[in-house]
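What follows is subunit A paired twice: with subunit B in the first complex and subunit C in the second.
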Partner chain A sequence: MRKGFLRRFMHHVPALVSVIVLLLMVLALFLLPVILHLDPYTTDMLAMNKSPRPGHILGTDATGRNILARLCEGGKISLYIGVGSALISMLIGIPLGLIAGGTKGFWSSLIMRISDMFLSFPAMILVLVSVAMFGSSVSGIMLILGILGWPAPARLLSANVMSEREKSYVMSAKLLGRSNTYILFHCILPNAISPLWTSLAFRISQSMILESGLSFLGAGVQPPLASWGNMMQSATSLVVLTTRPWQWLPAGLCLIVSVICINFVGEGIRDALDPRLKLN
Partner chain B sequence: MSELLRATHVVKTYTVKPGITGKGGGTLHAVDDVSFSVRKSESVGLVGESGCGKSTLGRCLLRLENLDRGSIALEGQEIQDISGKDLLPVRKRMQLIFQDPYSALNPRDTILKSVAEPLQAFGIKDRRESLEEARSFLSYVGLGKSEWSKYPHELSGGQRQRVVIARAMISSPAFVVCDEPVSALDASIRAQVLNLMKRLQQDTGVSYLFISHDLSVVRFLCTRILVMYLGEIIEETSREELYSHPMHPYTKALLSSIPIPDVTHDRKRILLPGELPDPMHPPEGCRFAPRCPYATDLCRKEKPASRDIGDGHTVCCHHI
Partner chain C sequence: MTRYLLKRVLLAIPIFFGITAVVYIMSSLAPGNVINIMAGEGNLTREAYEALVLEYHLDQPVVVRYFLWLKSFVAGDWGIASSTSQSVYTMISVRIGSTLLLSGTSILVAVLFALPLGVLSAWRPYSVWDHLSSVITFIGASVPNFFLSLLCIWLFAVQLRILPSQGMYTPGVPQTLGDLASHMVLPVLVLSVQLTGNYLKQTRGAVLEVLGSEYIRTARSKGITEKRVLVRHALRNALIPIVTTIALNVPFLIGGAVVTEQVFSWPGLGSLMIFAIEKRDYNLIMGITAVIALVVLIVNIFMDLVYAALDPRIRRGLQ
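Our next item is the complex of A and B:
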């Protein structure tokens, strides 16, 4: 199965390209500052708002900090928040989804109604309020985004569990005297969980976008810490937007590229995990 | 031949919750006071139209549903109240062959694993031995070495149904319910699968309860036939008797629906008006009366009792 999974994944060209791009990007985020001796917090008083030049390959920002250094630092933080919060969402969503899908009655409907409540709020407003209440440290933002993201995986899993448990092979396992717990974890869960890997990838990219939006609005990652979102904040000024594209364009491009790549990877995983999809 | 399974006055009802307006609630009688028995190495057919309760009866016999009333005895032991761990020895003796061979197999298991699983689950053999046995059993049902490591979706419908049959039969059960096992297959494959089932019966001495709405299929495999209508068994007799002298008007109508491959044959089809009545509100008196061409006032008022008219032929009708 594992071997088959890799082989199938390799056949998905956009996903394969995306994995390579993402790997190169992560490698760059961690290695470039070391190789080029870049520090995201050092200000160069003699080079404020300077366009790209030797020594400052991507130019400097308003306080003379190296944009490339901040791009790497911000990427690390953005990725950290994206991956971390998606994992937190899964950690909450998977058990709740299993309970909601595997049982009938009170607990199932309680979980579904609570998830309705979560989904009926506009995410951005909810995050803004939560950040205002609980502070905007990096782990705080990660936790808030993670907690707010649980309904999507939970609903997906519970819907899948519900449809799987009506299938004949579940009845067949029952006829072999298997217990309900055994059936839930050994028969239903493996068949119901594969769309969740895709959902995990989409959660990561979504959290990264939310984080950037939040930082762009000034409520997310606080300077002097860098994030792709708060680097783009400089574009709120018309002068920067029109005359200094090096200050906001790289962060925006990085965000777009990484989000698209993560989504492609999610799609590739989904196609590779489904044994019913045929390779051509 | 000795008796293997006996169902006595089996009743299965479902409670339907009323809708938001308070209407539509009530009790649905899926199986209503059904009694019959199956002997060792016998094939009993259970026929009736969709929704008459034949699948529910099958599931009740296999203890997938709890009975409301009545009892089921397997090899002399009453099994309707057994639960939990004690049910395992009973499960070992009974199996089910599913209608839809696609969903009956776990899509993530290779067919070899699916077929070996019953032996491990029942603790009959350890892992290595059960895989060994599964290999030889798969060969027996006509699936060669090249197919063993395939997944269900890689097989054709007929092959899948062979796997389902192998999975049901490998633990050598005494009683197997076949819930429309060939109705999802096309005609050429149907014959192969039916022949396989017949061969398995000759080799292992298993008893079949063959649920179907297709009388020609039942005729091929079963020696005794039960006709079910709206949760009740209305006629029970041997195959020869049923096809030559059907007594109940409903059975006559069913038999007249079998196509005869002869263009010059001038047959009289008995067309029944209407549909199966709502099982939530079954008609008073004889349940077939609203659709019966011979119904009289007696039929509409009083429920006919089941009567033996000789040679184990029982009919449930006022006019016999």
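Our next item is the complex of A and C:
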């Protein structure tokens, strides 16, 4: 992290607001069910499809489960999948990006070709097929999204490493007699890695959108587990869509708010890391 | 030029093999026995079961089976869909038209909006146009398309009752062009909002970069009208990254509009893929995958042709 990063980040108003909103949201996801004694799996046979009322602040779903409780549970699962799969993508993408950018030859071009292949094929189709084949447990979905998400960070890192490699400080390190491995890890990597923080934020929001789409189709997180995506699935029925907005609207709004906030944080990190970008 | 094209084609072909091989191997790794899934467990005599094993080459290793599949695919034999007992080729060819119609229209609408607006917002940063395009970019990147679809259905089909929200034609009425067009409005709207956001970002960035260059100053100092500077000098040189983005979207729309097709019951390849996966119909899954991979291949080659047309340096092999 460069000097002054935090100060510049604090001056990026949307990013700062987003961090606060995200923190409040995570706190609410974990604390609300405990404070209000809510359980996402308890069905209340006397209160099915009820609109918001005392006791069920956001109403109930078709089996009488508390929407607020499911919203919190679904949020935890959606965030868990988003953050976990983004970390997995980084874990795979960073070493591969280093090899692709730092070396020349067979392995480098093989990695580039394979990432071309993954980037040019619709991710949703690959995700759908793999989830159908390997099962749709929460950690399974996280793993699949993580594994399929590696090309973006790998491409970013390799492009950065390649442009850093041409700079004069690398030449001077070479003249000092440093080995290639030393130069790659101690000189180039620290200078090339900072844009990956932004990439991490965008991978999280992308995975959350993919997961919600998958669950919306019924192929992702399976009931009785909740996710913001599968809560919106009920809205495919016209009756629910028009007469019971409390069953699907909150999940959609939560998803959009968190995706917007995560994207803003990513932009804030990018602008704070490289003030020159903002001047352009 | 011929050499350039040949080189690009040779580089693009492995993508087709790679994608189909990945999906083939993944489906063969799936737990459960293919024959039992197709015929239902315990419905077969031992002899019939063994005949099927031989027919589907299940006694062979997966790599051999992939090449057998590839051979018959190239020969035009795409197999029979186990879920409907129809030929895979027929099922796909019935659907591919509607998918191409939907995705083609969406891309066209998005380009028609994004190019002028993107150039305008790069020309006058922080103007009304620029703010408008930031808002569209933001919606496109942050609002999941199924949520946007639900809102559109709720507003236009339920509250205002001005547009249909399901299928391609109204059932029971003679199929007319106007009917088709009204069914297309909502899915095209949803898909093109997302695309427009994407293209706007690219156009604005690329034009902004070009506008800062020396030759634009030269062009302006020669007294050329601003419109001509923007269109002939700036946009033309900014087109390569824009074309790349557009081209990369085509395969995503062919296969990736899964969610939108499903929400609007659009009879395209995306919803067919969902059906195939639900029924564990391996021939159909492979057929659709291969068609999408073919589209990826064709688009890649087409993109290289456009590059060559746009940039004489590429055409003459200088880059």
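Please note the rule applied: the second predicted complex is superposed on the first by the 271 of 280 C-alpha atoms of A that agree within 3 Å, B and C clash if a C-alpha of one lies under 4 Å from a C-alpha of the other, contacts with A are read in each partner's own complex, and residues count from 1 in each chain.
Definition applied: a residue touches a chain if its C-beta (ideal position, glycine included) is under 8 Å from a C-beta of that chain, and two chains touch if they have at least 3 such contacts.
In this text the structure is predicted, and so the values were computed from the model without any measurement.
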When subunit B and subunit C are modelled together on subunit A, clash or fit: fit
Touched partner set for A:168, first subunit B, second subunit C, both or neither: first
Partner chain in contact with A:29 - subunit B first, subunit C second, else both or neither: neither
First (subunit B), second (subunit C), both or neither touched by A:209: second
Contacts of A:191 with subunit B and subunit C, given as first, second, both or neither: first
Subunit B versus subunit C as contact partner of A:235, first or second or both or neither: second
First (subunit B), second (subunit C), both or neither touched by A:116: second
Contacts of A:177 with subunit B and subunit C, given as first, second, both or neither: first
Dominant contact partner of subunit A by residue count, subunit C or subunit B: C
Distance in angstrom between the closest Cα atoms of subunit C and subunit B, superposition on A: 5
Complex contacts: residues of subunit C adjacent to subunit A: 11, 14-15, 18-19, 22-23, 26-27, 29-31, 138, 141-147, 150, 153-154, 158, 208, 212, 248, 251-252, 254-256, 258-259, 262-263, 273-274, 277-278, 280, 285, 288-289, 292-293, 296, 300
Of subunit A, residues touching subunit C in the complex: 113-114, 116-117, 119-126, 128-130, 132-135, 205, 209, 212-213, 216-217, 219, 232, 235-236, 238, 241-242, 248, 252, 255-256, 259-260, 263, 280
Touching residues (chain side subunit B, partner subunit A) in the complex: 62, 64, 87-88, 91-92, 94-96, 98-100, 103-108, 117-118, 121-122, 151, 153, 167
Subunit B contact footprint on subunit A (complex, rising order): 1, 167-169, 171-178, 187, 190-191, 275-276
